[in-house]
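Got a structure for you, written out below as structure tokens; questions coming shortly.
We just call them A, B, C and D in the order they show up, numbering each chain from 1.
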């Protein structure tokens, strides 16, 4: 109820503060018999890990995950999987001076208003560090989806501030520090980021996530639509301010004749729907986009108050990502995977392994 | 689990098909002692009702709501409130010819893929008619929020296809058939719609919803963030393809110095955050925007298949809104109200009636 | 959250007061394709109906159930099933004089303490009349369990006050007004009840419920054990004060050598476990017993207070069952069916239709 | 959904196998500002710990709990509390020989049927060792209940096999290895247990749990009654086969005039209800009783099968409690505390801190 759990059948509950002893999560509901190892989970964690390039925070966490339960002789047992990452690089002193500050665009004030007290070290629970556990849990979900159903979830950076990506070459996404699928844009991004770091400023980003191999029929008709659950999942990522499915906000100016994805014997002729109709997957590629705001921790002073109501100037000196969006790709993938695994299980609950006959080819992906 | 329930503490479960005997819902968890009548709920329903202008479907439903339980001597008793609307204007014959069609951009195929059968009359459960019950339940939520906490939820049409609204005059919103807050744009909208109807086409829209009077401290830090729950709620409305909080997708191109809402003794100096920081309300106006796709039922033929896989041309002859977005304003308000009432109750569960001391003035609303 | 919903995958939410306009429920999550009719549901309702014998309340409700949604052309569609029973025989005047009384052993005081007000007519929401909707929903669950899996849920009266049943002849259970499986005891029960009615008193009862055909493997290991969910379900029935699984409280005095159900190639040699081991079904007959307290509405005066704190004598004149236990058999069956259907669906969510190889014969049932 | 979470507002999710690296849990929803330390939690854990007397298993676990999150500067922060106990005394070799055995009255077969594989070491997830985390979480719940509301939860052994307790002297409960409130019976119990150990057999027990200081008004009317939630909670404890509230199964033979607890200006004149009326607390002492089956791990051989279907004789040589009931008292207390804290929070969600006026004195406790 306090909202640290995601999912209804494949449930992930996380705990841990940025500078506490450890982060962890429980994955409850993972089907038995799935081969999984800490090493496989680690691969995903390493994609999100800070300190991997000059464009992300220099905090260096080993981020070494341990499996504490739920896996026996290399396979999931169907019982809850406990995962743990011990915090090692905690420079809490960096934060002592901010204990009474209300940093603009941070969660300082709102946590204080909600709880009446807060763990201010590194943002405590509001730190994006919490998302490490989502990536860990998502790694299990991803593996199950791929192995059992051939569903693959992949994301990429589609826009970095003013720089939009023109090409989608999946093979390039993991080959540069931006998760950028268009290598032509990488030098421009590097230059932009260097200027930004020099300036002491930060910038927003847009991330896109696709799932291929999604069967038609996933999602519930009314409140737990596949797209509504995706919106929930993706908006729950730190710094996200917008979520689109398929054509998203472009739909506002589309006419019906343009937006509707016609169908022929070759399948869907376009994918403005983003793979969801009436809240249920259509068998087309599932496509979502998210907007991430610029990092709020800046070296450029900003006006604010302290918790006693006095005017102050806030300058952040800790180690921070100038663009949080860069590292958000693996997190967005994890969240989409968690939504999908849950809906696959819901569908099985209702229909068992039954498959209905009619299948429209997936057709065009965008 | 089949997702016909919204909310965790103030729970709304809906049932009913477009052309079945009735629609209904259960509101479970409404606090006792709230004065409420069928007439008050009806006022909200009438705002959403079809047939009120030439720009919405000509289906004429009395949409008369009855309270079946949970209210005694004019007050809620704390037990579940059963609400019922009997369907009266059911021209099911209009739909007989589409029973085997897969209409493009409709839920026909996806329901079929999920359930193996479907009630095709008027879209059955996938009809926007279901949202009448959300509006009814939302009316109760709205009243409680306003009476107990002074929280007010209001929405408006911010864009109709290519026509963007320039002014926000709340007093005008309910004075025209579009929920348009800028009277100067109404003639243009009327003209646009008439041309569209003539053409047999449809168009998308953008709706904005604000809540004022929201105290700081509502929302849960991780998955059940106030903005994530809003995204879920709003994306669950038929035809919605995108959700933004505050600056939304504009954040992508914003720098940190621009996006962060600075604070002075006069309060927040801007509201790019849309009233949510770290998933928790900041006491600023809560602001969300949604994109609605154009109606998929068109008089202009579209290519598709029937359920036997044969190529067909689909032409829709029933009564349909050329812009579903027009009637979505009361629905979006209802969903925001349902999210807020739930989080007010969650906050009370944790902290009782405790109020913490520090309060930043709400400041600028946009 | 206000607890008017039962089940996680097959969810039943009820509403309605004893003397309000109607009772109803929503069954959400019923798999599609199940043939069901109002007539079939009515058969179960008629088993619970008051006024069928002189040993139950003379209130005569038609208790005629209507299906409002979720069924199309005779089959469930997978969308929520709305069920409604309109109240017809409401003699609310009978209750006017008790509006300020706190009747001993009733929920008058506790509702008042919880809600600050209450619908006192016929007990309002606390009336056993609410259980009609459980029976209606249970009828759907029972049909699905039997048709899809051959699981059959049946109950009987195992003790009426001091009179214990000696024989279990299932064929007799529905042939007498007590659901008594031992016809030899029926005359004794009739005599006992007549004396009780004359005396103006009431008596407790014990009901037993069995499910046969339950596959091994249903239930979750820790909190949502099959037996724990059964305990929840059965204890939620009005007037129930105790729940046993298998040997129940007799286990306290059993030694391990006696209690453990040994296994041979013929299967289990006994069933002290009641068909559940470690919270999961063993494939043996699932057996539960419940204790129901005597009706609290008596013609014999009892000491109490009114809501102003004044001492009063309470005499109940309405129409009441002298033994609520008699009509509880169909309710207990319904609750066991609801638990089972939910766990069948949970099992499918995790394992699809997979069946593992080893099967121990069900063996002895007690 | 896999049932490793208990509670709706104060949620406890546990993980960990008997012989895995660690056990742990997440307490999500604990209100902020509660002073709590690992030492306080340890005190409760030590009451449950094995190896404390000759009548419990000689497995010696340090059972040292660590707080990993959610507590800052000695106070809860409102964020999830991660608790961890590392396993140290794991003699897994003791269990190698049972990997293919189906031990009678154990969860071996049912886990296998459910999951298709199992961690057989020490019972894996089915080990009572899991309950350590319930006790740890319960310690937090107990402290909050006592400090904020003066609610105190206490349990005792009311029957050990054939030996019934005659006196309830709370001061004695923690002074003997049985949690026996009647010192006169302790020597008899010691003698009985020694004979049992010699025999290689085991015995059942009955535990009673009381909560004092419970305000009237806790619990939800229908499915989530306070007593139904207690039944769920208590039946979820390993080895429990029955749950009673107040008079429990004795109600079957009670007449209405005996069972109904009359009320005078001095309060309730008896407590057959066990403190719950209509599913809601009455302000009387809340009383529950549970039956625990005898331990199934015996030195006396028992007939069974192996997982290949061959007949075998099972003899258990590990370290086991001859009466699991003895150590169940702290667990039962923990579960009652978890139910109460959840319902206190639910009540606050609906009514805030509002208290209604009328209060009946608690009166007699039994």
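Please note the rule applied: a residue touches a chain if its C-beta (ideal position, glycine included) is under 8 Å from a C-beta of that chain, and two chains touch if they have at least 3 such contacts.
Just so it is clear, the structure is predicted and the values come from calculations on it, not from any experiment.
Student: Work out the mean Cα position per chain and let me know which chain is farthest from chain C.
Tutor: Relative to chain C, the chain whose C-alpha centre sits farthest away is A.
Student: Counting C-beta pairs in contact, which comes out ahead: B-C or B-D?
Tutor: Answer by contact count: B-C.
Student: How far is the middle of chain B from the middle of chain C, if each middle is the mean of its Cα atoms, in Å?
Tutor: Each chain reduced to its C-alpha mean, chain B and chain C end up 39 Å apart.
Student: Indicate the whole-number Å distance between the mean C-alpha point of chain B and the mean C-alpha point of chain D.
Tutor: Each chain's C-alpha centroid was found; their separation is 45 Å.
Student: Two-or-more-chain contact residues of chain C, please, as numbers and ranges.
Tutor: Only 1-2, 4-5, 8-9, 14, 29, 32, 78-79, 114, 116, 125, 221, 346, 349-351 qualify.
Student: For chain A, which residues are in contact with chain C within the complex?
Tutor: 1, 8-9, 29, 31-32, 78-79, 221, 345-346, 348-353
Student: Please name which positions on chain B make contact with chain C in the complex.
Tutor: 1-2, 4-5, 8-11, 13-17, 20-24, 26, 28-29, 32-33, 66, 68-70, 72, 75, 77-82, 84, 114-119, 124-125
Student: Hey, which residues of chain A end up touching chain B in the complex?
Tutor: The touching residues are 1-6, 8-9, 14, 102, 104-107, 109-114, 116, 125-126, 130, 159, 161-162, 196, 201-206, 215-225, 227-236, 238, 240-265, 269, 272-274, 276-283, 291-296, 298, 300, 302-305, 307, 309, 311, 325, 346-347, 349-351, 354, 356, 358-360.
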